[in-house]
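Look for subunit A in each of the two complexes below; its partner is subunit B in the first and subunit C in the second.
== the complex of A and B ==
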């Protein structure tokens, strides 16, 4: 064994220094300054715009819609109630969408001609209908036929719409597991089901987790659409408060902020889970 | 590292959100603007801009696509009395208040019921109409109901968001569930499909719906329920405009002109052949 040379001497010329302009543009100082300028312009424009409108802002009327403290004690307000309903609706629909999505993905990967075709047909059908039209179909057409109430119709509509997106996430995750894993599983005598259960799905979860987070956030946001069929949830509550008080500006900013807080908490939470999962791998 | 970036993203999003809420500091500007009344702006412009959202028989399109209805008569007469042109700006219900605030029109004449909560945000003129509402019910679901039976947690009402019936239902039947839809048609459809027990509307609407669907729909009470009245809505901080519109409405009420036009659109059927059914 001969020892490697102590000093690694690269051959060829070093990379040229980037141009002075590029260096300035890439610097942290420049980025922060640019950010400050852009935000400053947005602030200035919205401030002057609001002044020109002369709108009488009534932010002090907003907290009562979150909670009130009366002689009877603490009471949750309408927005808090709507938020709970939104979370409940999204969670139910997401659970259902995951099950349905897994089924569609497995059908598609089954290798059986008819089953695969059914799955692709379902996928293309749902993916090419706008969510609003799908909701009207579920509520006004399928609702009376199968006797759904508005809540069931919304849960089913959201679940079906998201199941096709989730099924593609599952498919990508499963296909991302190296082919050798399948061969290894088969060679030790595992059936297809066992291979999925013990070898493939546990590994593919790592690939699925990041896009699934996006899907959860997407679900919370698209649940707002059920306000058109008067299901009680955050957006519906917001619109109802506006029709009672005419405070369009304050209420819409508030509702948007509530959605943002929820989805940010979800993303941060899941990214922590992701990190933990990565360590244990 | 990933988390840090996400937090940075959150901070940036929060900053943008805060920038949107900044106009809160603009309140003091209102006083400066209030000295310039919208009445002056209308006279200078030579045109009165009226915002409305289409809603039978208050305002609707006839077979040629022209706007007709009670609000249109009121708006045209108002402009004529002021000696200016009139311009109607149909706006969806959700956008009508922001558009008023942004100055897209001078006044809203769109069957807006005066309520204290709304009055805290916009100014209302004295009422120019008092609409009577009747209940349109799903016959099978409300078999043998008295009026008091409707005020129960098990009862579901449907109505158009923002319209007078929604206000009357909330007032008369506080215990019942009230579902709000974007169109009148959707509210009636709910009752027809049995997803809601009843809705409310100004006559002759309910009687016609009941006649068209005699097996499912009926008008259970031969009685009209009244709301507080409908007023013009305008921006806050303009006492001149409020005074002018109030005087105009008082004068036109006293001469009986408003009642005559109201009866024409709400009781008569002469205009029916002008619109698509």
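== the complex of A and C ==
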């Protein structure tokens, strides 16, 4: 072996270059410029539209809804409380939905006729009712019957609605694990339960994480619907502030931004977890 | 071989997949300590036969008794039976989310209820037996095919099984890795383990088999000691098969 030369010089003739126009269109600079122009046009049109309506922008009044600092000291504002309520609602509903979803998925995969049929029946029932109608059912029908308050009704409704979606994620994740894993687990004498717990479920996590991230984000977003039964979460707070102040543009922009920040943080967080799992496989 | 009691006994066993008759009236016995090699063309039922032994598949009629336990779907002792019968698969089927050591320890710990220390001691012992003690902390995906298959063999050994089943253990391996796996299997055979091996490695079969079995179309066509089997098989089908796989 001879020592490699410091600068590698290919001996073959260079490849033909793409046309000049293609090079320009493919360049990063061009993409960024195009993006900036489009965003600029949208902002300009919105702004002039609002001006033409004679809309009175009052962005300076927004921060007080996040927090205030007075002589009494620091205080959280209404939006902050609404956000906490939204997160609490989503987290509780998601935890319940995950448990219920796992149960439904395992029932469906059990191979037992009646148990499987019950699970499919539940899936079809919930999947074919709109979320809003389901919420009304939980609040106006099941609520009085079982004595739920509006918060409990919201949590249960969201949990049931999302358990259906989550159970499909579990089922797909479990079925994605190679059949040979079942056979290997079985052949060392594991019961079905042990095989699920030690062999199948740990491996299906990496198939389930990406769609689960989507589900968490979906949950936070669909929790906004409980504002129709006046649970004091983010969207309800937004509506209340607007009915007091008429600042609908600023408030809705702000509420949308808060949802976006939360869901983006969740997505980034989970994708970091995903990377860790990908490495350890 | 001495006339030890049969540890595996098939009596008129039939198996169907829908309309397909996979095993036809199988009657055969394996004695304790016997090394049986099963060969035959693909689709002849050899894998099905071996998978019935530990109840990965269930036969439809006839009697199959393994280590004194009758095998059928729903048999109460089927879990206990599987602890006594280890299996090595063509595709290794190691647990990819566990390290090599954890692959070997999970069965003894969760099924045999051994303590972690005991399980680890056993695991390291058998990892040494298959000549890869240094790979203990790696994940299976970091190992070569031959190494993975040796880990799979060690995993079965860790369960302290009385019987080991091999379902084409070298068919998925690159040619240069076949021997390292066969060497381990020969060493195992020397310890007196009862082994039932489905394979086309006739060199290995000659070296270790007490009994050769040839299957075709779901039937057992020929059962003979290796000397007779390779030099003077009684059936034409077996002769034709051997000519095809031994000729080159």
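Some points to look at:
Just so it is clear, the second predicted complex is superposed on the first by the 250 of 281 C-alpha atoms of A that agree within 3 Å, B and C clash if a C-alpha of one lies under 4 Å from a C-alpha of the other, contacts with A are read in each partner's own complex, and residues count from 1 in each chain.
In the analysis below, a contact is a pair of C-beta atoms (placed from the backbone, for glycine too) under 8 Å apart; a residue touches a chain by one contact, two chains touch by 3 or more.
The shown structure was predicted, so the numbers you read here are calculated from the model rather than taken from an experiment.
Bringing the complexes onto one copy of subunit A puts subunit B beside subunit C with no clash. Once the two complexes are overlaid on the shared chain, A:144 sits against subunit B while remaining clear of subunit C.
By the document's definition of touching, of the two partners only subunit C reaches A:194; subunit B does not.
When both complexes are overlaid on chain A, the residue A:61 reaches subunit B alone and has no touch with subunit C. By the touch criterion defined above, A:19 lies against neither subunit B nor subunit C after alignment on the C-alpha atoms of chain A.
In the superposition on chain A, contact of A:230 is made with subunit B only, not with subunit C. Greater residue coverage of subunit A by touch, when subunit B is weighed against subunit C, goes to B.
Shared-chain residue A:184: touches subunit C; no touch with subunit B. By the touch criterion stated above, A:133 is placed in contact with neither subunit B nor subunit C.
In the superposition on chain A, no contact is made by A:114 with either subunit B or subunit C.
In the superposition on chain A, A:246 makes contact with subunit B only, not with subunit C.
Taking every C-alpha of subunit B against every C-alpha of subunit C after the fit on chain A, the minimum distance is 23 Å. On subunit A, the surface touched by subunit B in one complex and the surface touched by subunit C in the other have no residue in common.
Subunit B meets subunit A in the complex at residues 2-3, 6-7, 10, 12-13, 15-17, 19-27, 29-30, 32-34, 93-94, 97-98, 101-103, 115, 117-118, 120-122, 158, 161-162, 166, 179-182, 189, 193, 195, 233, 235-237. Listed in rising order, the residues of subunit A touching subunit B in the complex are 35, 39, 42-43, 46-47, 49-59, 61, 140, 143-144, 149-150, 228-230, 236, 239-240, 242-249, 253, 256-257, 260, 264, 267-268, 271-272, 274-275.
Within the complex formed with subunit A, the residues of subunit C that make contact are 54, 56, 79-80, 82-83, 85-87, 89, 91, 93-97, 106-107, 110-112, 139, 141, 155-156, 159.
Within the complex formed with subunit C, the subunit A residues making contact are 178, 180-181, 183-191, 194, 198-199, 202-203, 280-281.
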